[in-house]
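Below you'll find the structure, written out as C-alpha cells, and then a few comments.
All chains are identified by letter, namely A, B, C, D, E and F, in their written order; residue positions are counted from 1 within each chain.
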Amino acid sequence: MFFHRQVLQYKATPEKPDAVYARKLQEVIGGQYGEITVAMQYSFQAWNAHMPGKYRDLLFATAAEEFGHVEMLATMVAQLLEKAPVGITEDAIQKDPTVAAIIGGTDVQEAIAAGAGARPVDSNGNPWNAGYVTASGNLLADFTSNVNAEMQGRIQVARLYHMTDDPGVRDLLSFLLARDTMHQNQWLAAARELQEEGNESVPVPSNFPIKKEHREVSYQAINFSNGAAMGQGSWASGPTPDGLGEFTYIDTPPEGVPMPPPTHPDARFYGTTELPNVVEKAAGTLQDKLKKE
Amino acid sequence: MFFHRQVLQYKATPEKPDAVYARKLQEVIGGQYGEITVAMQYSFQAWNAHMPGKYRDLLFATAAEEFGHVEMLATMVAQLLEKAPVGITEDAIQKDPTVAAIIGGTDVQEAIAAGAGARPVDSNGNPWNAGYVTASGNLLADFTSNVNAEMQGRIQVARLYHMTDDPGVRDLLSFLLARDTMHQNQWLAAARELQEEGNESVPVPSNFPIKKEHREVSYQAINFSNGAAMGQGSWASGPTPDGLGEFTYIDTPPEGVPMPPPTHPDARFYGTTELPNVVEKAAGTLQDKLKKE
Amino acid sequence: MFFHRQVLQYKATPEKPDAVYARKLQEVIGGQYGEITVAMQYSFQAWNAHMPGKYRDLLFATAAEEFGHVEMLATMVAQLLEKAPVGITEDAIQKDPTVAAIIGGTDVQEAIAAGAGARPVDSNGNPWNAGYVTASGNLLADFTSNVNAEMQGRIQVARLYHMTDDPGVRDLLSFLLARDTMHQNQWLAAARELQEEGNESVPVPSNFPIKKEHREVSYQAINFSNGAAMGQGSWASGPTPDGLGEFTYIDTPPEGVPMPPPTHPDARFYGTTELPNVVEKAAGTLQDKLKKE
Amino acid sequence: MFFHRQVLQYKATPEKPDAVYARKLQEVIGGQYGEITVAMQYSFQAWNAHMPGKYRDLLFATAAEEFGHVEMLATMVAQLLEKAPVGITEDAIQKDPTVAAIIGGTDVQEAIAAGAGARPVDSNGNPWNAGYVTASGNLLADFTSNVNAEMQGRIQVARLYHMTDDPGVRDLLSFLLARDTMHQNQWLAAARELQEEGNESVPVPSNFPIKKEHREVSYQAINFSNGAAMGQGSWASGPTPDGLGEFTYIDTPPEGVPMPPPTHPDARFYGTTELPNVVEKAAGTLQDKLKKE
Amino acid sequence: MFFHRQVLQYKATPEKPDAVYARKLQEVIGGQYGEITVAMQYSFQAWNAHMPGKYRDLLFATAAEEFGHVEMLATMVAQLLEKAPVGITEDAIQKDPTVAAIIGGTDVQEAIAAGAGARPVDSNGNPWNAGYVTASGNLLADFTSNVNAEMQGRIQVARLYHMTDDPGVRDLLSFLLARDTMHQNQWLAAARELQEEGNESVPVPSNFPIKKEHREVSYQAINFSNGAAMGQGSWASGPTPDGLGEFTYIDTPPEGVPMPPPTHPDARFYGTTELPNVVEKAAGTLQDKLKKE
Amino acid sequence: MFFHRQVLQYKATPEKPDAVYARKLQEVIGGQYGEITVAMQYSFQAWNAHMPGKYRDLLFATAAEEFGHVEMLATMVAQLLEKAPVGITEDAIQKDPTVAAIIGGTDVQEAIAAGAGARPVDSNGNPWNAGYVTASGNLLADFTSNVNAEMQGRIQVARLYHMTDDPGVRDLLSFLLARDTMHQNQWLAAARELQEEGNESVPVPSNFPIKKEHREVSYQAINFSNGAAMGQGSWASGPTPDGLGEFTYIDTPPEGVPMPPPTHPDARFYGTTELPNVVEKAAGTLQDKLKKE
C-alpha cells in the first residue's frame, strides 16, 4: 500500500517564474531517465522479486521516495509556470522580442492542455511511456540498469543546474543531485553484495550452462570497424572481468558463412519470386492451388 | 561508412519452420533490448564521442557487429516463417486444434504485412522505437548502460534457448550467447579502464562541483517503506563505493517541509480557483481584463 | 511525500496459475483505463490544483490508493504467471494442443522480458503512456474525466470477472469493483458540489465571456447524418442542461460557406502549384529568387 | 457512407499569417482532445452501438460534423502558415531577433515535412494516436467520456482564443466554442435520458450483480493522504449519487493484509532467487532439468 | 463539410462470427496501410493542396470514400465478434482445446475494452497513429505515396482473402480489392498527368536548381555490398528515367574523406573528453568556469 | 555482415555551429523519411527477399550506403551543436533576446539528454519508430514505396537547403540531393525492369485471380465529394494504366445498401442494448446466466 503525506521531502520553490525553464525541467519528470521512470522501475522490480528480504525492501523503499521526487518537480514546474505568457500578438513581437522568444521556448501544451501545470511528459513533449522500464526478475541485471538510470539522471540534473541561476531551483537540484549520489552508490553496493553472496555473477545470467554457448568466441574482441586503437584497450588482452577467460583481439572479422537460400513462402502471400520462366511454373502451381478454393 | 558483405557471421538455419517461435525471436530483433537497440545505441555513442581513440574505436567496432546480428536473426525469422499457416477455417479448428493454436501464437502482421518475413518489432508487435537508445556523451554512464543492455539481452536469449528444441535455432543462440558474454565483459573492462585512467568516476558526472550538492543526504539510506531488512545491507553502513563517504541508515524519513501554496495562473487559463466569494473577486478582475480585449 | 507499507489493501492470491488470464489482467494495470492511469491522473490533478482544501485532499487521497491497486494487480499477475509455460515444441503440440493454445494466449514478453512477472503494459502488450492522462486545471472538467475513467475501469473489471472462475481472482475483482463503485460516486458527488458552491458550471469553462461565442449555434442539434430518430431525443427540443437556452433541431445542415482560396507558400517549399502556364510564371519568379542565393 | 461537400461549415480565414499560432492550433486538430479524437470516437461508438435509433443517430450525426471541424482547422492552419519563414541565418538573427523568435516558436515539421501545411499532430508535434479514443459499447460510460472530451476541448479553445488577437481566427474559435457548448449539453442530455429510460444507471455497468462486489467498501471514503479537509465533502457522508447507499469516512486506512510469498517461476527464467545455500539446491534442480535437454 | 448516410457502400455481413479473423481484419482498419491511413492521408493532402481543380477534387472524392471503407470494415468486425468467447477456464481447456485456441488468437482488447467491438488499431493491437500519414504539398511525391499505399493495402486484402472461407467476408474483400485496383490506377494516371502537364517531374522536387546538387554522383550506382549481380540491372547503365543522364556503375565505393575531429562542447555538459593529462587541463578550465558561478 | 570504416562518404563540416539548425536537420536523420527509415527499410526488404540476384543485391548495396548517410548527418549535427547554449537567465533575455530566441528554437533534449549530440529523433523530438518501415515481400509495391521515400526525402533536403546559408552544411546537402536523385532514378528503373521481366505488374499483387474481385467497380471513378472538375482527369475516361480496362466516371455514388442490424454480444460484456422493456427480458436472460456462475 502507498500513503501520501502533504509535505515535500525538500523545499521546492523558485524565486520567480520561468516558463522556458519549466519546459526543460519536464525532462527529469517524464523523460527516459526522469523520476517517473525510476519510481515505476523500482516498483515493478519489487513486485516481481522472487525473494523477500533486504533487496526487495531496498526496492520498495526507494520506489516510494522516487514518487515523492516526481511530486517535488511537478510542484516546482507549476510554480515556474505561474506567470506563463498567455498569448502574443504581432505587435507584441515588434515591441518586445523577448516575449516572443519566451513563447518559442515553452512547452505550449503546458499552457493549452494543462492551464499552466506540470505534465507527465519529457522536455520535447513526448508522453512518458513504459517502454523505458526494465524489470527482468534477475537482480544483478536490474541493479545494473538502476545504476545506469541514476547516472543518466544525475548527468541530466547537473546539466539543468547550469541552465538556470534561480536560487530556489538550484537548491532543489542540489538536493536531487545528492540523492542521486546516494542511489548510484546504493545500487553499486547492492550489485556487489549480490555477487559476494553468490546469488549471481558475470556473465549474467550466470547459471546458464556455460558449455551450451560457443565458448570459442566468448572472449574475442572482433574489430568490425578499422580503428587501429581498439586493440590497445584492456578488452583486447588479459583476463576477463568474469574471471573465466582471456581476451583475444581479432583485427579482421572471419570470412563468415554463406547466407541460406531465400525463403519461398506459400504463393498466396504474393511475394515476388524467381525469374520469369520460373514464375510461370509457380503461377501454374498457384493456379492449381487457387482453383481448389 | 558502412559496408555490407553477403555472408552471415554465423550460420542461421532452423531445422524446420516454427511460426510461433518466429514471433518470440522478434523480441531480440526489435525489442527494448534487441539487436537494433544496441546497434543504434553504440552508433550514436560513437558519433557523439568527444575523443578519438580506443573507446570510440570499440564503439564503432561493436556497432557494426550488432547490425550483423540483426541480419542473422531476421534471416532466421524468415526461415522459421517459411511454412507459416496462411489461414484457418472453423472446420479446420474442429478437425485439428493444433492449427488454431499455432495461428493464435503467431505475429499475424508477419503474415499480413510482411508476407512471412521478419519485422523491426518486438514479440508483442510493438514497433522498435528510439526511446530505447541511450547516448549521453558521458562514457562511464553510457558504458554502464551498455553493460545493462548486454545483460538484459543475454537473459532474453537464454530464456529463448529453452523455448525451442530446434538444433539450428539453438546453435545460433549459442553463438549469440557467447558474443553477449564477450560484450558484457568488454563494457565492464572499458568502464573500469575509464576510471583507472581518471577520465570519470562515481558519482557520475564526477566533475560536478561536489560542494554544490546537499552533502548531508548524499549517503543516507532512507526507508520510505517498512521493510525491516533494508538496514541489513551494505548500503546502510560502511564506506560508500565512491570512496567519498560512509553510509548511514534512516529508518523513518524526516518530517518533510510544507508544500508551497497553490499557484494562481492568469484567469484566462480557466483553472478552478478558490472558494465562491473569492471567485467573485477574481471574476471581477477577469471581467476587467476581458473588457479590454 | 509517498510512503509504502509492505501489505496489500486486500488479499490477492489466485487459487492456481493461469498465464492466459494474466495477460488479460494487464489491461487494468497498464491499459488506457488501468490503475496506472488513474493513479497518475489524480496525482497530476492534485499537483496542478489551484486551491488547497477538500478537493485537493480528495485527489491526493485517491491517487495514493490507486498506486496500491497497481500493486495488488501486479502481485496477482506474478502469481498467475508462476507456472507460465517456458517453451513448446512441435512434438508437444502434437501430443497436447492445450499447451500450444496456452502459449498462444499469453503475453510472451511477460516470459521473455520479465521472467514471469507483471509489466506496465496493457493486454495487447502496448506500453502504458502518459497520453492517457488528463489534468487541465479545471476541476469540473477533470472530475468528469475521472467519472468516465472509473466507469470504463469498472466495466473492464466486470468483464474480466466473467473471464475466469478462479475464486481468488474473483475475490480481488469483487473488491476492486466495490472501490470503483465508491470512486464513481465520489467524483459525481464532487462534481455536483463544485457546481453547488459556484466554482464552475456547464458549459465548461463557465466564465468564458458568453457573448464571445456564436450564440446562434450554441443549442442547435444539427443532423450531419440521415438518421430520422435524432430529432426525438431530449437534445432536440426543450431546455438545455446548462439552463441557459432551448435546444432546436436542424434536420439538414446549412449550406456552408465557400472554402478560402488555396494557399501559395514560398516557392522554396516546392509545393505543386497552378496549371502549366501559371507555373512558368511562378518558375520565373522562382528563378529570380534563386538567382540571388 | 460519408460524403464531402467543398464548403466549410463556417468561414475560416485569418486576417494575416502567424506561423507561431499555427503550431498552437494543432492542439485542437491532432491533440488528445482535438477534433480528430472526437470524430473518430463518435464514429467507433456508432459502429459498435448495439441498438439502432436516436442514440446511434446522434452519434453518426455528430461524428460527421466533427470531421468537418478538422477540415476548418486544417484550412485555417494552412493559411496561417502561408508566410511561414523558410530559413534563418546568423545575420538575420543579429539584425532581427523577431525572426529568430518566430522560428523558435513554430512547428518545424509543418515547414520541412508538410511544406507549410497542417498536420495530424498536436501542438508539440506528437502524432495523433488512437489510444485517445474511447468506445466501450456501454453508452452511459461513453457519453460521460464524450462530455469530458467536449469540456476539455472547449477549455483548450477558450485558452487559444486569448492567445491571438487576429479577428479571423477569433471568429472561427467563437463558432467552435458555441458548437462545444451544444455538444456538452447534448451529451449531458443524452446521458440523463439513457438513465431516465432505464437503460443504464450508476454505478456503471449497472446490471453487474451487485451482490458480487464487496459492498462493505462500496461507499467508504478512505483517506490515503493526510489532508484533514477530505472529510468535509459530500463524498464523506450522506446519500450516494447512485441512490443505493450512504457515504462513510475512514480517516486512516485499515491495516491491510500480508503480501503473498514471492513467486518462484521455473529456473530457466533465470530470476534471482533465495539465499546462497538455497540457490545451490535450486541449481541442483536446474542441473537435473537441463541435463535432460 | 462531411455528411453521413446510414447505408454502406457494399454489403458487409459475415456468414458466421469468427473472433480470430476479426483480429486479422483490424490490420486493414487501423494498420500502417489500413483505411484510416488513406482516409486521413487524402484529406490532409486535399487541405494542403495549393491549387483548386481536378487534382484536389480527386483527393476530396477519394478521401470521403475511404472513410466509408473504415465503416464497412468496422461493421464487419463487430459482427465477426458477436459471439466472441467471454472467458475460459482450465476445465474448458481440458475439455475443448479449440476454445483455448480461439481465445489465444483474438484481440483481447476487442473484448475487454470494446465489449466485442471494432477498434482503431492494427492486427497486433497497436493504436493507429498519424506517423503513417504523408502529405508534403508536392503532388507527384504524394501521388506516388498514394500508389504505394493502395498497392500495400491491396496485397494485405489479398492475403486476408485467403485466411477465411466465409462467403460474406470474402464478398466484401472482393469489393475492396476492386476499389484498390481502381485507386492504384487512378493515382498512377494522376501522377502521369501531372508530369505531362509539366507540373512536376523526376527527380522530385523538379524545380530545385539542378546545378546546386553534386551532379557527379547523381547517376552513380555505388555498390556498398558485394553482390555481383548489382551491375546487371538497368540502374547500372543506360539512360536514367528522369531523362537527364546516364547511369554508371561503381563496384567499390570511393575511399571516403576523413571524419572531422570530435566535438568539444561546453564542459558543463559533462561529456567525457580526452586523455587524462588533457583532462586535467580541461578540468582546470572547468574549475575556473565554475568558480564564477 | 556489416563493416564500418572510419571515414565519411562526403565531408560534413559546418562553417560554424548553429543549434537551431541542428534541430531541423534531425528531420532527415530520425524523421518519417529520414535516413534511418530508408536504411532499415532497404535492409528488411533484402532480408525478406525471396530471390537472390540483382534486386536483392541492389537492396543490400543501398541499405549500407544509407547507414553511412545517418552517420554523416549525425556527425554534422554534433558539430552544429558544439557551441549550443547551456543556459539562459532572465537578465540574459533582457540584454540579448537573440540568445532567448536560439534557446527557443533548439531541441532541448540534444542538450539535456545527449550533451550536445545528435539523437535518433525527428525535428520535433519524436523518437524514430519502426512504424515508418515498409517491407511486404512484394518487390513492385516495395520499390514504389522506395521511390516515394526518396522523393519525400529529397523534398525535405531541398527545403532544408534554403533554411541555412552555411556553406559547409549546404555542401553536404548538395551531395545528399544528388544521391537522392540517383536513388529515385534507381528504384524507378528497378520497378520498370521488374514489370518488363514479367515478375509483377499493376494492379499489385498481379497474380491474385482477377475473377475474384468485383470487376464492375474496378475502373469506376466515383465522386464522393462535389468537385465538378474530377471528371476532367485521365482517371475518368480512357484506358487504365494496368491495360486491362476503361475508366468510367460516376458523378453521384450509388445509393448503398442497408446497414446490417446492430450486434448483440453476450450480456456479460455489459453493452447498452435496446429499449427498456426489451432490456428487462435481456436482464432476465442475464440473471439466468449469472445464477449459474
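General remarks:
Quick note on the criterion: contacts are C-beta pairs under 8 Å (C-beta built on N, C-alpha and C of every residue); 3 or more make two chains touch, one makes a residue touch a chain.
Protein names from UniProt, one per chain: A, B, C, D, E, F = Manganese catalase.
Bear in mind that the values here come from a model prediction, so they are computed numbers and not experimental data.
Of all chains in the assembly, those touching subunit A and also subunit B are C, D, E, F.
Comparing the residue numbers each copy contributes, subunit B and subunit D share more than half of them at their mutual interface. Centre to centre, using the average C-alpha position, subunit B and subunit F are separated by 25 Å. Look at where the CA atoms of subunit A average out and do the same for subunit E: the two points lie 27 Å apart.
Residues of subunit B found to touch two or more other chains are 1-9, 32, 48, 52-53, 55-57, 60-61, 63-65, 68, 75, 78, 86, 97, 100-101, 103-105, 111, 113, 115-117, 121, 124-127, 129, 131, 136-138, 140, 155, 158-159, 162, 165, 205, 208, 224-225, 227, 253, 256, 262-265, 268-271.
Taken pairwise by the contact criterion, the protein chains are fully connected, each one touching every other. Those residues of subunit C that touch subunit B in the shared complex are 1-6, 48-53, 55-56, 86-90, 93-94, 97, 100-101, 103-105, 107-109, 111-113, 115, 121, 124-127, 136-140, 194, 197-200, 205, 207-209.
Interface residues of subunit B, counted against subunit F in their complex, comprise 1-9, 30, 36, 40, 43-44, 47-48, 57, 60-61, 63-65, 67-68, 70-71, 74-75, 78, 113-121, 127-131, 133, 135-138. Residues of subunit D that touch subunit C in their complex: 5-13, 32, 52-58, 60-65, 68, 75, 78-79, 81-84, 86, 111, 115-117, 126, 129, 131-132, 134, 136, 138, 140-141, 144-145, 147-148, 151-152, 154-155, 158, 161, 170, 174-175, 177-182, 184-186, 188-190, 192-193, 202-205, 208, 212-225, 227-230, 232-235, 240-242, 245, 247, 253-260, 262-266, 268-271. Interface of subunit F with subunit D (complex): residues 16, 18, 20-21, 23-24, 27, 31-33, 97-98, 100-106, 122-126, 155-156, 159-160, 162-165, 224-227, 253, 256, 261-265, 267, 269-276, 279, 283, 286, 290. Here subunit A touches subunit E in the complex through residues 155, 158-159, 162, 165, 268-270, 293, going by the rule given at the top.
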